[in-house]
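Each of the next two complexes has chain A plus one more chain, namely chain B in the first and chain C in the second.
For the complex of A and B:
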């Protein structure tokens, strides 16, 4: 027996890492256009491993509980039951639908016949086609060297969809991607990827909706890459409602050309541990991103939002508003960074993160960061962590309203600031119903009924 | 209806009420006047049950009950109403929702059924007319962006809908223009009732031209130092408070 010199290969792998490596070895890199992508993703993940607290970006979020689990490959573990599928519907939303179970597209349950100008293709098919745009975009926006979990996703790239919108096209219906996580004995790791190619002057409304059923212990590790050509407008929703036992990790990476506009709503209501990395590059003048975030964290759940906006060109704008409600022993992390690169003059970057703590054991770590290398810029940022306004609480109590209802009303009011920024009425109503909790007549509380679209 | 005896209260270790006595019967209207900082709002807040006010001595009896033992929401359900000197803005919760939640909580306490949406709207619209308030206020956030006078009117609207037994109006007349003052006064007068008591904290004799009080009290240095009828208000307008302060300190 020979003893090889100690290399990183011999670093002890966690059960999770070992199970990823075994799955990857079984499956092999394949021989289609995605081969190089997978190999590169796997190499990057091998080099980094699951991130630990030594990394600044993972200081407050530990993946130890995740590392201890062994995961089996993506794919349905059982046939979905009607009640599983019912969880996917958003009342009042009339959209095209793509259903994924444990990461894998289920064509029988999907309705992908869009208008002219909208192309929805299983990602594996797109990547297998020589010269397909998907090959150009996938892996070019989400960086595997700085995002270990994006590297892991890329190592398994294949599940997910490619969405192409032709120049000038504006599909009449939103596209609803439904990711359903189902339990089936041992935990499943799903690594779906959504690749969006919004051609110049096109428009798209895209909803990524993550739910699950049962006491799942699955990992959803979902990466979305969006390329917006000049003048393209994408309204994007990421609605995360996974069961409180699952892991949800995700990345949203955008590249915006001249005058493109991305409006992204990142709404976290579930998962034992949720982490979302948003990275948007405003690459050409006139590009604009609006990031809207809301998280409700209760029980012993943990939600971490990391965002980074790179102003690479002059006259670009970013506007970020994240709010969170943290109750029980919940923990929330926010890190928002805006980087204004040299020569990116006349840009605007605004950022705000506010947190409402409802319990003494709840915890929030928030850090807005600005790095500015240009001089003619308009920037603002701020972060707060506070409790319910005592004056407002007393006002409601003094009207005979119970403490519980008063607390719920003020919590609603706090979160409603984000909800009102949601243009899609069906999604907004669902969010309002969630933030209204047990309040009666939830539909009446915020804007009443007068603004129904 | 209300009997305050030797009330002492402090805020942040500062003694503010220093032995206050006040008795109010059903059907009566009382005015409380007094210099800035003398403790008028403190008295109102103690009656409504705001936390942070520590009662160190004395008793408050309301309908034979120990008022101080009740939580603020319990007091409200039993008919205590405070019109705030500075009403709070609550963007994100609309005015109609607050009114309905409050009214139904109070009705439930009285053993009355909840009003359905139709009955509620009919009641609210009728009372809004009385207060010369546009219906658009219903859909706006509670006091959100209301002018000073609109906020005060909104307080009286709430009072008109909740129909309290004991209403304490803390400087509801401040910041009102002359027309608004008449509207508010008419609203309050319409709520005068043999079963209801009204306490008005005010700095201005003019309010008392529109809402005639049965009693006028002067609160100074944390106590009621003088009680009279409405001619006392006229005398105060003339002479100020100094003569009473001197009288009180001997």
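For the complex of A and C:
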């Protein structure tokens, strides 16, 4: 029997929860158009608290370490020098750029002169404007009752950006959002939110890039909400490279109308603890989502990917491929769920999660789920946990390649399956370099696929 | 779990319509559960002290437990105080006097299943003192078994005649504190089966509850314990394809299997209890805990089940692969039609080296039924080269039903190889079309396709069972298409 969540009075607040409550007491819901939104977010977070105990969605991921830390809101931080910034940047990416430091947009470092039909506005400005689309979308796709951390984000909504693409517009350059987590003395909690309004028949390439420097002990608690109108196509990258001391929690929530298409690439390389909840609703016929994911987990890191696709309308499709390499004392968690709602006929939903478990102390917990309430469907899922193919390994050894190099080559190839699905060359090269970087003997391999771009 | 159930409501109604009066048996305790009831059950059965202690421990533990809510099923709350936890073995007098009094719907089902006439009487609970064929079969059966040294008796007999064995193994696989329903069962279990196969013995025949005469009315809290000593081999069949008469709504059985070094246990179940009517009224709640322990090296436990009955099924036959090189298997066909709800699957816990497990689950949903597969494959550190292969396929018939898959995979051993695959689809229209244009009726075509879908599981069943299971499937899915 599920016990009713203890109310705030009965429960002792953890240091993290107490610090969030203090920030809220300090700041309140504000007095712009988002007042009600923040109040609702805080109420939901207050009711649930940080996930603890036996919540199914958090069965394999404990936030105890996070709960023990006290976080203060992001304050002014000395902006990094341009050369430092360049070191973190994605090489060869020619795009518009918005830089956020601990969640805050830094206009001096950003280049937001968009093409026609692309509107990029700091979220706080958008929320302050009466009748702005951001007010309509924010909080309407990411559910605060099922996602406690999204509720926390909503309680402090303001940081981040609103991106609007006009009907039929297709900006020529990708939009690169760079979220830097920097040391601010004591641990900082950032709650950036990205709100995307892709109007009918528009197209957008969006890169959310979470990175940082130093031994930060920050929490990045980011939420992205995407609304795709009829026939809109969004190619979304989420590159998570935070320093291995920080916490990264994210939500990616999409709502797709008729014939809209969302392609999501979710790439995890950093953070001590990373958790991402992807939730996509295919709301009208013809909508389609592709979910690609790759995670490399080493050291004592923990990466948790939860994805959920709701097929609400007939003739919708989803295709998911997540792969992970888990080494050292790392732990990877995957939970992929496809729900086909009543009367949503002619559905295709496919899901695959494969894990390479390389160390004795590492752990993989995977749970691919199907929940189907219609009959004219083609659904499948597969999950594997295993090692490198012995025959392939033997073949390479028999060709005079050392075991170490052979192992790294095969590991590279395993991860490359996801990397080759990345169309944006600059990002793909970055990913391949990261994979190779994690494999000490990968120098032999050289750089993967030729650049077709 | 052995017996059966048909149109419970109908039969009960009938009983009174014909003016039968049930004498209040002095041995029936009033509904409700407390420590005195547990003591009374134990006393009535003249149990040794250790068993009473064990029951009481379970009861006290149960008081602090809450009913699990995680299963993908919905039902009205169960009132545990409204159940009568003990009644002495029922006399058959309150049953129908002859087949003429039995619900014609039930007889029709027997007809379709091809059940011999005299068996229909037993199954329907007709008050026949003894059916001679059955008795003689059972007697020769018992002689053969005792020659081989196999003990096969009711649980109560085992407690009387082999208390040391019972004490040694009872609760060693499913401890009294295991889960809500298993704990309840531990406190109040009525009877069940006990099997002990001595070292090196290959049980000369398939053991079936059907042939155990006193298997009748073992009640709703059944307990089965099977112990296979070193190098022994046993195949056990539980249940029966024919629906049988049953008056209890809640069934919470426990099955424990112990396989010592090199032993093999094959446990086959056909479950066809009353599923309720088309509108989901009535029907059995089947909340069962089944677990096998491959305790010795090179041992093997294989579960095969065909589940077509019960309003709600909640059942996860599991294998603990403790011994090195031990093997666990789970083959299942679960059919849910009308308003049935099934949440079933398996757990494979890999502990020993080179342990292997195979899971093949076929779920069929029709009408407004909900059918869920829920499984766990867990590989603990040190289970070197453990291997699991899981395949679970769902077939959907009708646009109002549901098929769900919740597989948990937890791996902590880098040399393990775990694979899980699942598919969900409806009956292929091209297949159906092909059959129809060959002149098959739609019903026959569907039966053929469904049987093909389940073939991998049916071929694991003992032969006679397999044939019956196929018939059962077509009866269960009657009216699902068209």
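Everything below uses one rule, namely that the second predicted complex is superposed on the first by the 419 of 453 C-alpha atoms of A that agree within 3 Å, B and C clash if a C-alpha of one lies under 4 Å from a C-alpha of the other, contacts with A are read in each partner's own complex, and residues count from 1 in each chain.
Here is the rule we go by: a residue touches a chain if its C-beta (ideal position, glycine included) is under 8 Å from a C-beta of that chain, and two chains touch if they have at least 3 such contacts.
Computed from a prediction, not measured in an experiment: that's the story for all the values here.
By the document's definition of touching, of the two partners only chain B reaches A:401; chain C does not. When both complexes are overlaid on chain A, the residue A:106 reaches neither chain B nor chain C.
In the superposition on chain A, A:383 makes contact with chain C only, not with chain B. Residue contacts after overlaying the shared chain place A:56 against chain C, while chain B stays out of touching range.
Of the two partner chains placed around the shared chain by superposition, chain C is the only one that A:358 touches, whereas chain B remains out of contact.
Of the two partners chain B and chain C, more residues of chain A are touched by C. Using the contact criterion defined above for the overlaid structures, shared-chain residue A:18 touches neither chain B nor chain C, since it reaches no partner. Once chain A of one complex is fitted onto chain A of the other, the partner contacts of A:366 are limited to chain C, with no touch recorded for chain B. In the superposition on chain A, contact of A:441 is made with chain B only, not with chain C. The intersection of chain A residues touching chain B with those touching chain C, taken from the two complexes, is empty. Residues 48-52, 71-73, 75-77, 81-82, 84, 87-88, 90-94, 96-98, 100-102, 105-106, 109, 138-139, 141, 158, 162 of chain B are the ones touching chain A in the complex.
Per the touch definition, chain C reaches chain A in the complex via residues 66-70, 379, 381, 394, 396-426. Considering their complex, residues 389-392, 394-403, 405-406, 409-410, 412-417, 440-441, 444-448, 450 of chain A touch chain B.
Put simply, chain A touches chain C in their complex at residues 1-3, 56, 60, 342-343, 345, 355, 357-387.
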